[in-house]
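In this document, chain identifiers A, B, C, D and E correspond to the written order of the chains, with residue numbering beginning at 1 in each.
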Amino acid sequence: MRPGVLMFWALALPLVVSAVMVVASRNPMRSALYLVAHMLLIAAMFLSLSAQYVAAVQVIVYAGAIMVLFLFVIMLLNLSGKGVLERGAGWLFGMAMSAGLAALMVGAGVWRHGLHAGKATAKSLSAGGTAQSIGFTLFDPELPWLFPFEVASVLLLTAVVGAVVLAKRKL
Amino acid sequence: MSEIPIAPLVWAIPGLPLIGFVLNMLWGGRIVRLFGDARGRGIVGGLATLTVFGAFAVSVVALSQLLGLDPEHRRALASLIPFAERVPWIVIGSVSVHFSALIDPLSVLMCLIVTGVGGLIHLYATGYMADDRDYPRFFAYFNLFIFAMLVLCLGESLLLMFVGWEGVGLCSYLLISFWYDDEGNARAGNKAFIVNRIGDVGFMLGMLTVLAAFGTLSFRTEAGTGVLDLAAQGRTAAGPLTVGLASLICGLLFVGACGKSAQFPLHVWLPDAMAGPTPVSALIHAATMVTAGVVMVSRMSVLFVQAPTVLLVVAAIGLFTALFAATIALTQTDIKKVLAYSTVSQLGFMFLGCGAAAFGAAMFHVTTHAFFKALLFLGAGSVIHGLSGEQDMRRMGGLRRHMKVTYWTMLIGWAAISGFPGLAGYWSKDAILGLSSGMVPAGMVFYLVGTFTAFLTGFYMTRLMAKTFWSESRTDRHGHDPHESPPSMLIPLIVLAILSVVGGWLGTPWANAFERFLEPSLPEVVVAEGHGGIPHGLGLVIGALVAIAAMATGVLAYRRAPGCELLSDAAKRSNPLYRGANALWGVDGAATAVFVRGGGRVAELISTWIDRRLIDGLVNAVAVVTGFASEIARGVQTGYVRFYVKTMLAGVLAILAYALLSAGAR
Amino acid sequence: MGPPNQVVADLGGVIPLLALWCGACVILLVAPLLRRGAGARLAPILGGAGVLAALVAFMRKQEAGYGSSLFAGGMVTDSLYSSGLLVLLLSGFISVLVAQSYLRSRGIAHPEYYAFILLSLSGATLMIQANDLIVLFLGLELMSFGLYVMAGFARTDPRSDEAALKYFLLGAFASALFLYGIMLTYAFAASTEYSNIQSLVAHGALKQPMGIAAVLLLLIGLCFKVGAVPFHQWSPDVYEGAPTSATLFLATTAKIAAFVALLRLFDVFAGGPDAWLPVLRAIAVVTMIVGNLLAIAQTNIKRMLAYSGIAHAGYLLITLVCVGLRFAGPKGTQASTLALTANVFYLLAYALALGGAFGVLCYLSSRDRDVQTLSDLRGLAGAKPAIGYSMVLFMLSLAGIPATAGFIAKWQVFNSILTGGDIALSVVMALASALGVYYYLRVVWYIVFDDPGTTAQSVSASERPSGGAGAAIAICAVCTLALGLFPSAISGFLTVVR
Amino acid sequence: MSFAVPTEHYLLLSGLLFCVGVAGVATKRNPIVVFMCIEIMLNAANLGFVALGRHYGEAGGQIITMLIIAVAAGEVAIGLAIIVSLFRTRETINLDEVNLLKL
Amino acid sequence: MEQHILTLLIFLPAVGAVALMLLPIRSGQASGGSLAVTAVSLVFAVAELGLALVAWSGISPGMRGFQFRVQADWIPDLRVRYDVGVDGLSLMLVLLTAFLTLLAVVYSTRVERRAREYMVFLLVLESAMVGVFCALDLVLFYVFWELVLIPMYFLIGIWGHERRVYAAVKFFIFTFAGSVLMLVGIVYLYVQTGSFSLVDMTTVGSPAAQGLAAIPARSLMWLYAAFALAFMVKVPLLPFHTWLPDAHVEAPTAGSVILAGVLLKMGVYGFIRFCLPLFPAQMAASAPLFLAISVAGIIYGAIVAAIQPDMKKLVAYSSVSHMGVVMLGVFSFTELGLAGSVIQSINHGVSTGMLFFLVGMLYERRHTREIAAFGGIRRVLPLLSALFMLAAFSSAALPLTNGFVGEYLVLQGAYLSDHSGPVYAAFAALGMILSATYMLWLFQRAFCGPVRHEANASLSDLGAREKLVLIPLAALVLWFGCYPTPWLRMAQRIELAVLPGPVRSAESNALTHWAPPREAQP
């Protein structure tokens, strides 16, 4: 087995397990911690896909900032023990449908056909994930990413103001 | 077609009564208020009567001018309104109807009868109705009736005839329910109109068929393309006139005639129609309107003779009605009811005549019957008037002493209707019976049954006379004494009595001026004398004997009868014949049960079950089910986020499954 | 490296967007500097000004044609964009007007609200201008963020909070589905830009399971926003719980933006209709029926209008069906072109009627009473004829009765679908709208049939904040009637050409 | 150019993760956990984008991922604010008790 | 004037409505305000009738084609045109509309509750109705067609009786649901022909006519069904009639009058104006069905009418019966039948309108419509009774009243038609009996007999306003009955004539022989 393959499986299994544990944990705090693990594993996956910069962002923003926010709110609301899994028809139904969705997509081969040969080269691979190449691509006027990037800033502005408006005790 | 000088004035025949109607309807009440009660009523009644006599005068002139023409040219068209050509009534497609009159012997004869007898009855009514509070309204209706009847007689097309036909029905309704404060009268009026309407449907359908077949509704036209013109040549607008078509038309028209002329089974309205004031009974329900059926059949006789089967049916129905009504008349105790059934019976005779293709004889009977039946009704009215409204013969009797003029004129009427030799009824009835004996098939059956009915006629009329005039008085004494009527009522009685005597002399078998006069209006079919029937002379003798026998039997029987009742109460109860006849042979009861009560029940069922519950129920059910479905379906909106997610997920799953699997199948 | 002045030139195509952003920033910057009351008074003016500025900027640069791209294909300016933007900005302006009255009467007149209106509008503008799935996604999220906040804007009202939570959770879920659709599209197209996707669709990408799943997930994500069954369940709850002015905004803006985006997106996918057209037909049918059916039982007007909005989404989806017929013969092409205009016109008529209807509710609301049930409107026409009959007009327009804009809108939908030859769908739509007449009529009868009662109409006496809502009602009524009578008057602005 | 692990594997993995997220959204009653599951779904998409970007040899996939991370961050901010706000008025955030609006 | 008379006719009442709305009076203000309202609405109603009469006198008798035609672009994007024109049929109905609306306005001057709105709705209704009868563009027609519903919905709903909401909603939804498929049909026609213009579609050789001819027969049948359903509901034909009794009974008097007098005619008009020229073959093919339900309607309506305990309901069901007669005439496809049904439409408007007014007057006096609550009032109210009797006999088609002319022509037409016409005519003629039965029975129970209720003894006879309403109607009853010629002439001027070919064969009168050109083409 080539190391790449080994690495894939080594990351994929924990990824799935951590995701399942997020869902399966009764305590939201546990869920959050599993989610942190999940995020970190994803970042590792990004690294294995030679997307170093994105992996870094993933760790900083997701596993760091976002998850801290989650934990913070969980603590704030003091909700431990309340996120009990529901058992019964509804739960079963939801699970069954999710499983069905997975089975359907796998069975129909959603991921199998359709990809065509990419333009990927060894050069693009080696350069692909660095901050520099990302930066060049992002601000290349010939490519459509410039404006979306600016939009993202407005998006974040909106989110920040929105969070303030909603959560601040007194406006 | 000929020209007659009076033509420009023919409009006055129906027009004058119409004017009388309009004046009295609009301003009658005001006149009475303005001129005081007595004088005002005089003006109103006088106006009404004079318009009718005016029409009579014009009719007489028309008659004389018609007589001045050759018999085969006695036919003229005249306009009933100014500018009739410019101002048509209905002109569209093949329907072209103008307000025009056909002046021919038949119509002139009817005009004379209607205006003549009508005028007399108007005069009579000025006395009879003198104290009624709706005096102007009565005369307005009365004039309207004359107008409608004249339109019926004069109209140059079937549609115009239908106008008069329905118009007299309307007036009949109005006058029967004249005293509407009693709901029974209103009900009788309704019955008359509705039963008539049943007949009218027949008339209407016949008329529709006529237009479809002949392309016109006019009887006669200048160009010879009228219905009768064509039918006389045995053809229609498009081809030959088949027996089947003629039978269809005549059959339908005869249904109309049955309604108007109270033939079985549509006779049920006529006895009830006696709810109206007696002059109404005399004019409308004896002398004129009820004979309209006969007039119509005679008018269309050219067609009828080409439909032998229908003629047989006409004769059979006529004969049956005559016998049937006569038996009922034997048991009635209301004086007007007796006369009413007598009228039905006599109308039966007329149709027997029509059925025997003896239209002339039938019309002759119409004429004489108008005289003596009007006389009898007016006499009865006089009696009722004298007894302050009493109509039950069981509480009459011995009136001959109190009401001399009435008595004597009634006596003449009695003799005339019974067929006493020499009087009006004798000639006309025997003409019909004699001719019916020659019918094929079964002429003798018709003759014998008819003769038996004639015997019954004599007998029930004698019964009426006996109960009313001859026997001891059974009147309640608490009221006023019976009193003779005022002259305005007696003069018509006397005139009609005279006519009842002499009226028949126009149509004796030896010098039948009457039939010769009518000939241009009737088909050229003559039932050969003695052809399969009994000889004229023999017929006359038998007729005379039967009449005298009937009268004599009656007189003898009732002279002996205690309390002027032939049968004891017990016998009346046990005798099935009496009970049947007294119960009107169950026809009225059955009709009421089926059509009134049964119809009402059916209508109720349809209205409740089909309309409200089924159809509207379905409509409402759609609404209710939708609303219910909405209420149920909103339950899906549980408010739980997890449920919503699951719904979305189900949607996703279903959509993807469908799309992916069907794509896989492709 | 292209010349940087190309970027500057491209910015000219997004001036309305920039105007909205500037407006939002100004509000956010200025409001904290002012006293509370002054800020609350100034903000709506600034908000309105922002919208108007965008409108003016847009009017100065009318676009024709179809698909002229900006920013290297990420965005476009064309006639679909310009007509959609007109509708969007109009409804945004009405929302500002209505909010001006309503927020004050509810005591939540925070200036930030108007900033969110502008930001949300900018997200919507991005959506209708997007020519790239990622831009579309960003626009969708930007718009949604504003809507989430506005839905929960009455923070002390548990219903408002609940509405916000439901909208947010379900919206985020739908966004995730949508995003996954983008990912799958990217998987087969190697790009998220429409023209690239289109060329692959033309090569049969939608015959592959990947393409099918992608297009359907995209469809589902946007169907959520427009409230199509079975992704509709958020809408009654959110409509009811959100502050009325926010309900108005999210009902109109989200629908306009999502539908225009759908049109543009599925125009791209029209080359492989087999993958999604049957599904879309089914969704349309079910949506029309369920929306109308469920509306019947409602007594809360906001809720009723939510279901009614679902039904209207069903009608609008029919135009999308027409788009799918684009390559089905000349009639189909004609139908797909007609459908573009029909859709935009419908959205305009819908926005006007809804703006008016919610405007009336806001107009009548006071500090003590948040008007939203049928019985609150009893006898309104007798007490306040102008307001009452305006509401009647809006209801009739929603029902599609002639002489209102709603009729012309339905007409155009019928026209396009019948041009496409789908008679069955048009019959279903006709029957569904007949079913729907009932609940609009019910509002009408509450308003008109009864004499003014004792319970209602204390409004005339109370010190209701005047102004905005009344103006909004007037604008909507006049426009609804004018568009119903002379729809061609604005065809120059609304007609979408390809 | 071929990879040691075919891109399809990554896509399959992302699909599985996505479905796990879906399952969580469909079954959890704590909105915060539900929200976490949504994050799992977003991450699954991100994984796909990065893998595809590598497959097609362009940086777009990574840029998209970064944009999505930004969006997710914003979403989290607003979502948690909503949850906090709800908790303030209702003293609960249990989704089974957030049920004022229905039918 | 000539040029714009139809436009004026259509929009004058609407202008009046706007004027009323703008009248500077408070809604609560009493007498002075209502006087102004009355005056304004009367002025406009009278002016409208005057205009209609001007149009009537101005129509040139010999000319073919639609008169006073005006065409202008309305919605150019959708190729909808403002296209109006009249022929004899429409002009008669316009005149009837103007006349009945004027009477309704006069009668309703007594309405005090929300008087201004009342008059506004009446005038808007008038505009819409006139529009329906003038429109030659299918969309324009549909717009007016639906517009009619709204003011009538309000009239029933606001000023109706106890179950007014139910009746109003039922009326609206029933008719709306019926006509919404027509909308689909209209659009489909447009898609196929490229035009909304009735005249274009029926002009030989025009692209629109070719488009129409190219529609397959099956589709045409469905199209026809869509149109026919809308019209059937409006007429109403069995079994779509149940909105009618409810709407009529609950509506205020003026509303009932207009409902019966004009609105029902819209259905008939639709059949003649649109179905006949557009789908002649389909219509002929459906004739047996329609003849049967028309006849069934005649008998059924009459039977159900007979036992109604409520006077107004009785009159309402009698409408079902009478409209059966009208439709019988239409589907006889004969000149006589068609003219008869047009005449009968007008007549029904006049006599049923009169009956509704009379019932309304009785209701005003006694606040009940139960027949049993009356009895013997003929003695107390002689004039009212006389006029009621006149109306009743007109309704029962007595000769020399208006009812007869139409009914006779229809029966004759039906008799002459193909499709075993005599059978239908025979059954239809039973209506003669039944109509007499229910009308006379009503009259007997309500008007004859002794005065049974104390309250009836002191009723007052007709006042001036009521006479003003009834006398013209009574005069029309007699005028049409005695001299229908002008109306007959008008009724024959129906522009079916846009159809080419052997329009009507002279012998049989049958219009079914119009072989439409498309049948001949392969």
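In this text, a contact is a pair of C-beta atoms (placed from the backbone, for glycine too) under 8 Å apart; a residue touches a chain by one contact, two chains touch by 3 or more.
This is a predicted model, so every value here is computed, not measured.
The chains in contact with chain B and with chain E alike are C. Highest C-beta contact pair count among chain pairs: A-D. Put simply, the chain nearest the middle, going by average C-alpha positions, is E. The chain with its C-alpha centre at the largest distance from the centre of chain B is A. Most remote from chain E, judged by the distance between CA-atom centroids, is A. Mean C-alpha positions place chain C and chain E at a centre distance of 42 Å. With centres taken as mean Cα positions, chain E sits 65 Å from chain D. Mean C-alpha position of chain B lies 77 Å from that of chain C. The distance from the centre of chain A to the centre of chain D, with each centre set as the mean of the Cα atoms, comes to 6 Å. Touching of two or more other chains is recorded for residues 634, 637, 639, 641-643, 645-646, 649-650, 652, 656, 660, 663-664 of chain B. For chain E, no residue reaches two or more other chains under the stated contact definition. For chain A, residues touching at least two other chains, in rising order: 86, 90, 94, 97-98, 101, 105, 108, 110-112, 115, 118, 143, 145, 148, 152, 155, 158-159, 162, 165-166. Every pair of chains meeting the contact definition is listed here: A-B, A-C, A-D, B-C, B-D, B-E, C-D, C-E.
Taken together, the chain C residues at the contact with chain D in this complex read 134, 137-138, 141, 145, 148-149, 152, 155-159, 161-166, 168-169, 172-173, 175-177, 179-180, 182-184, 186-187, 190-192, 236-238, 240-241, 297.
On chain C, the positions that touch chain E within their shared complex are 341, 381-382, 385, 396, 401-403, 407-408, 410-412, 414-415, 418-419, 423, 426-427, 430-431, 433-434, 437-438, 441-442, 444-445, 448-449, 451, 486-488, 491, 495. In the complex of the two chains, the chain E residues touching chain B come out as 170, 174, 239, 241-243, 300, 303-304, 306-308, 334-336, 339, 375-376, 378-379, 393, 398-400, 404-405, 408-409, 411-412, 415-416, 422, 425-426, 429-430, 432-433, 436-437, 440-441, 443-444, 447-450, 482-485, 488, 491-492, 507, 509. Taken in their complex, chain E has these residues touching chain C: 27, 73-78, 113-114, 117, 139, 142-147, 149-150, 153-154, 157-158, 164-165, 168-169, 172-173, 176-177, 180-181, 183-184, 187-188, 190-191. The residues of chain D lying in touch with chain C in their complex are 11, 14, 18, 21, 25, 31, 34-35, 38, 41-42, 44-45, 48-49, 52, 56, 58, 60-61, 64, 67-68, 71, 74-75, 78-79, 82-83, 85-86, 88-90, 93, 98-103.
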